[in-house]
């Protein structure tokens, strides 16, 4: 993957909820729900809609651990 | 989950690499590799070792989308 | 604390302001004001309301320094 | 405060540990320990040393909540 | 720069769009567009308006690389 | 740009400094210095070296404002 962010999970858009500045996109990633909050502009520019296949990209430093 | 971070993925520790301040922890999450960089202190305090079950916690605003 | 995030500050909820996707929660932490922006869903799921005791959790890499 | 980051906590440097790229700075903020990981360059450029008074700066979106 | 964040880019405010909790501020930085999402409170407290000169501050760990 | 991160700045790699887990990459972006800290693995996988053209990718929520 030609990007420094270490994690890419492929999923499917389950729902999109749009606010004034941000938007919430729910993905199904291998049966698990993954929630993303991005800018409303990004949702529009990517042309995202329910059912689309999309990659979730997550920096390694954004992954906390808990046990 | 009693925490505001919206995403929790349960995985298994595959490897731990320790630097002077930070550490890299590789997880297997349902067959996919997930890489986390946390502080070395966190790895020690959580007592993480290979084979342990651990939760990855990710804020919704840390999940970017790409298509 | 069984989580990699290094900082936990215990406070009391002073106010909650809810937007469409995100929410602002103001805490009193030992007499100092601490402002948090989380998803609206998180506020609902945690059942937060004014006067509640709550922990603020902050990753070490999110703490900048200034002098 | 003329910066968009919403939280400023004034503290005192208790310890500094330096790695090759990053550094860990422990602060005492009103009797509570606060841990920061910044770049080694930042520690050098700010001229930080034990006993110094310093401000910790934290964005509102970096403050998670837990109950 | 007396702050640990490593990157400061000077720009001019081109537009401000305000939501309920957050706001989007578009800057012109040397002819390139730079988009910032901060809290609505920050925009108000900084008194930002179109045409203002402003600095964008970005932590080194927030800069991803792609080729 | 088919990614939700709102900011892409094209630059040239000026220097790379490698630690055990992380690495510091300095870019020249239109005459301004931009510093990035990414994982050492990312630098290796992208095959970055001095003189390379590279894009810096920055989320809108990672751009703070100061005046």
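The first chain written gets the first letter, and so on, giving A, B, C, D, E and F; residue counts start at 1 in each chain.
As a working rule, a contact is a pair of C-beta atoms (placed from the backbone, for glycine too) under 8 Å apart; a residue touches a chain by one contact, two chains touch by 3 or more.
Owing to the predicted nature of the structure, the values given are computational and were not obtained by experimental measurement.
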item: Intersection of contact partners for chain A and chain D; value: B, C, E, F
item: Residue-number overlap at the chain D/chain F interface, same or different (half cut); value: different
item: Chain A and chain C, separation of their C-alpha mean positions in angstrom; value: 23
item: Distance between chain centroids, defined by C-alpha means - chain E, chain F (Å); value: 18
item: Computed distance of Cα centres, chain F from chain A, in Å; value: 22
item: Chain C-chain F separation of Cα centroids, rounded to whole Å; value: 30
item: Overlap residues in chain E, where contacts from two or more other chains coincide; value: 2-6, 19-20, 22, 24, 35-39, 41-42, 46, 57, 59-61, 64-67
item: Chain contact graph, described as a line, ring, star, complete graph or other shape; value: other
item: Pairwise chain contacts under the document criterion; value: A-B, A-C, A-E, A-F, B-C, B-D, B-F, C-D, C-E, D-E, D-F, E-F
item: Touching residues (chain side chain C, partner chain D) in the complex; value: 5-9, 24-25, 30-32, 34-38, 42, 46-48, 52-67
item: Chain F residues within the chain A interface of the complex; value: 1-6, 36, 38-39, 41-43, 45-46, 57, 60
item: Interfacial residue positions of chain D with respect to chain B in the complex; value: 17-20, 22-24, 35, 37, 61, 64-67
item: In the complex with chain C, residue positions of chain E that touch it; value: 2-5, 19-22, 39, 41, 59, 61
